[in-house]
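One chain, subunit A, appears in both complexes that follow, with subunit B as partner in the first and subunit C in the second.
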Partner chain A sequence: MGLINSQNAPMIEAFPGGPAFLTTIDTVINWARSNSLWPLTFGTSCCAIEVMMAAGAANHDLARFGAEVARASPRQADLLVLAGTIVKRMGPTLQTLYAQMAEPKYVIATGACAISGGPFIYQSYSTVRGAHELIPVDVIVPGCPPRPEAFFYGLLTLQKMIREGESIRRPGERRKPVLAALPPGITIDQIRQELILNLEEKSVTKPLNEHAKMENLTWKI
Partner chain B sequence: MNRTELLSTVLSLSTEFSPREKTDRPAVLAPVQGLTDLMLKLRDHSELSFDMLTVATAIDWIKEGKIELVYILISSTFKHSLQVGALLDREKPVAPSLSSVWAIAEWQEREIFDLFGVRYLNHPDLRRLLLEDDWNGHPLRKDYVDDFMLERPWR
Partner chain C sequence: MEITGMTAATMSNTEVPVSSLDERIKFFQNEPQSALATQEYFVNMGPQHPSTHGVLRLVLKMDGETVREIIPVLGYVHRGMEKKAEYIGYRQQVHLTDRLDYLCALMNNWVMADAVERAMKIELNDRILTLRTIFAELQRIQSHQLWWGVFGMDLGAFTPFLYGFRDREKITAIFEDTMGARLTMNYIQPGGLMYDIHPEFPRKVKDFLKYFKPILNEYDELFTGNVIVHQRLKGIGILDGKTAISVGASGPVLRASGVSYDLRKSDPYGVYSKTQFEVPVGTTGDCWDRYIVRMQEMRESIRIVEQLIDNIPEGPTMVMKFGAKIRIPEGIYYNQMETARGILGVMLVADGTEKPYRLHFRTPNFNNLWSVISMAKGLRLADLVAILSSVDIVVPDIDR
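So, the complex of A and B:
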């Protein structure tokens, strides 16, 4: 694999059949990369309990997605999971850690704190308002804290992004994949209308005599 | 020793202690002057023997213009605990250091100095603990503001 890298990619592309060859190589490399993400343990506060411990433990089992080899050294890791509040004093350390990681490197920001400062956004003297102020972030996972399932969704998104959006022809460049599309013939407005109708129909602020009816109500899916 | 016995023993040690009400554990208020001596008495009393300082913290009572120091003591022999409070003037918060009584107080006092600006007398090494050395002000005071802080858009 060492023979085919970003330096000699243009050379290979010039040969007949070169582009097709490179695309095949890309697929293999991206498949390998996306299925063996090694996260760096960087838990700075409460999100770490959910994302590092609950997600890694037997019940949810991070190992199913090939990302369970958490390393304590940035030199051996290629995925930085920001789990927790980032304070101003931690900022330089975070940037150093990110710089020390080997290319290609990916960043997932989990939890409101790493996205925007979360509960500490106002009247805080110390909290950085979002990790993107310090380092580039690839995937964000909202929640306070996100459930392990949400984190897995973020991880799968990242894997999809690696598989679809990278090429050794353009190292470091990433394309965000399309994750969800509405079924044909359905618009956002229709969904909104239906939500409002549902809310009005099943709201708990109904008159008391209607509560009896609601007891037997089952959710239509 | 139950709660009432403990409290009466503590109060009999010195007239300077005054009991506090509505607390979840035995609690007394002590004057700041001579705090070290009072704490030494609590530590060395044979039936109290408070040999451990678990919590040393402060509260900013901005309306009253006071800063309250709160100490929670535990006896590892008798397994009872006591809360001691001391009120300081908010503008000139000066208190004696307890690091000669319990060594751990040294770091906890550095933290209180860092965040509340309480000056400790006879402290061996009164530097900031958590914030940078060139930080201005003491952020856990209720009236602290700086350029970095965002105001809440609602009130």
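So, the complex of A and C:
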């Protein structure tokens, strides 16, 4: 489909019947893209067992959704499944991996750690509070770790997003489905402020006098 | 084509050895103008690499395809677990241990719960101890099934992966009935177990054992007898017992080197002292021995579960119900157990409050990783993959 791209799309649209033609082309391209997602073999911790391995193995069979061709090189992959905790040291590597992946590329963040820091959101000096701080995330799958079925639901959501949200007229632009709404009267800024206050309160520094009384301890076992 | 090296060697009138290919390669490598003359260089293996089982980074000093030196660079999943442990109560520590070595989550839970119980001097009844032992052994089988599948995949065979996971899902389903979780169970609590077992649990475990015993022979037919597997594993990555002890290796890695040290035998906990089982020990300590030791361990685990599953004693599954706050008397406590990968130790420094002053995990994978360095020196890069897989490394357990 290299003949029709974002440069000549406005030109085609000007012709009579052009918009309908472009929409048909969109449908074909999006159908092909959504059913041939190639994931990158990238797992940092526990979620990789459930999401990448158990989902890809015989019982759950990721091949039913056309996403079983796991690639070890980011240049051959277009789906990045963030399975596990992202720590600060891993951050630059993750950004490099994302940059090396072929366009158009999609990211699914699975598990509590990749979404928000999870169990390590407070009182940890090394965890990144959610992978969206480093790279754009399309779909999140909650759980610690999520079941393979939950991951399939996330994958189907991504496929739906690709089929409905993308157009050759606006490359790179994605329409994201609304998954949850905030309660009335609460804004996202209020939540962020509260989170910042919590993070400051639960930092990992102890008062010095706490260490002094520990000098005379003895082994009990 | 690069043939100048060959001609240079022949023109200098030195005798080219004709006896063996290895000698000829060695001869041409030493000739400075030869095409086979090599230069040392560095290669980064990881952090994103499919064979490092996560985000382990190894900086390799290579000479051609020969590994000269290995420098592990750690910290790519360092989550600050030990620091976080200082801010949460003793009951909450159990859920952190799930995420250490997630393939033996129940055994990790047990170590932590047992450390608190020993400090509080709580006596458990037989039902709890028997159930904990059964769960630990089922988890050992499950962990080794996953290792077997991934081991095959690392050596280039995809079929074992499918077979291993097919059978692993059966144990996962048994766990899910009782605990409601598939991977991070958080089931063994200080003072007992979180819930009673599912009424169908004994029957399902017996069904599984009946199903899995012939499957182990199928594993052998599929993989163990393969000629390629023999050639990839035999004599590769030899670790002698002395080095294994000096780096602090434990579990199947240590036992494959001929050191018969298993905490289940030497310092029995749970109801292991009441059961009959053998500790499989290797002779040379190569990849093949580590493979065979793990395959035998699965058979021994089946034996242990078979002895216990028919007579689970009656009684409560929680002898002491703790509130949110547990206060441990001041002191330093250490507790260790044998997980599927080796000895997991927990050191608690209690200051009399409801939170530990310091908590340290002695994880098996951290020590097993250093045994890889002495094993892989002088071997090919492809052998390093086989060695890493035979040691069965879980990276979040190393970095914590």
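Things to note:
One rule holds in what follows: the second predicted complex is superposed on the first by the 176 of 221 C-alpha atoms of A that agree within 3 Å, B and C clash if a C-alpha of one lies under 4 Å from a C-alpha of the other, contacts with A are read in each partner's own complex, and residues count from 1 in each chain.
The rule we apply is simple: a contact is a pair of C-beta atoms (placed from the backbone, for glycine too) under 8 Å apart; a residue touches a chain by one contact, two chains touch by 3 or more.
Here the structure is a predicted model, which means the values were calculated and not measured.
After superposition on the shared chain, subunit A has more residues touched by C, the comparison being subunit B against subunit C. In the superposed model, A:P39 lies in contact with neither subunit B nor subunit C. Residue contacts after overlaying the shared chain place A:G111 against neither subunit B nor subunit C. Legend: residue contacts after superposition of the two complexes on their common chain; A:I121 is shown touching subunit B, with no touch to subunit C.
Of the two partner chains placed by superposition, only subunit C is touched by A:N59; subunit B is not. Of the two partner chains placed by superposition, subunit B and subunit C are both touched by A:R89. Residue contacts after overlaying the shared chain place A:L97 against subunit C, while subunit B stays out of touching range.
Contact with subunit C, but none with subunit B, is seen for A:I49 once the two complexes are overlaid on the shared chain.
Shared-chain residue A:G130: touches no atom of subunit B or subunit C.
Touched by subunit B in one complex and by subunit C in the other are residues 89, 122-126 of subunit A.
The part of subunit A that touches subunit C in the complex is made up of residues 41-46, 48-50, 53-54, 57-59, 72, 74, 84-85, 87, 89-90, 93, 97, 119-120, 122-127, 144-145, 147, 202, 204, 206, 213-214, 217-221. By the touch criterion given at the top, residues 88-89, 121-126, 129 of subunit A touch subunit B in their complex.
Of all residues in subunit C, those touching subunit A in their complex are 47-50, 54-55, 75-81, 83-84, 86-88, 95-96, 98-99, 102-103, 118-119, 146, 149-150, 161-166, 168-169, 172, 182-184, 329-335, 349, 351, 357, 395-396.
Contacts from subunit B toward subunit A in the complex involve residues 130-132, 139, 144, 146, 148-153.
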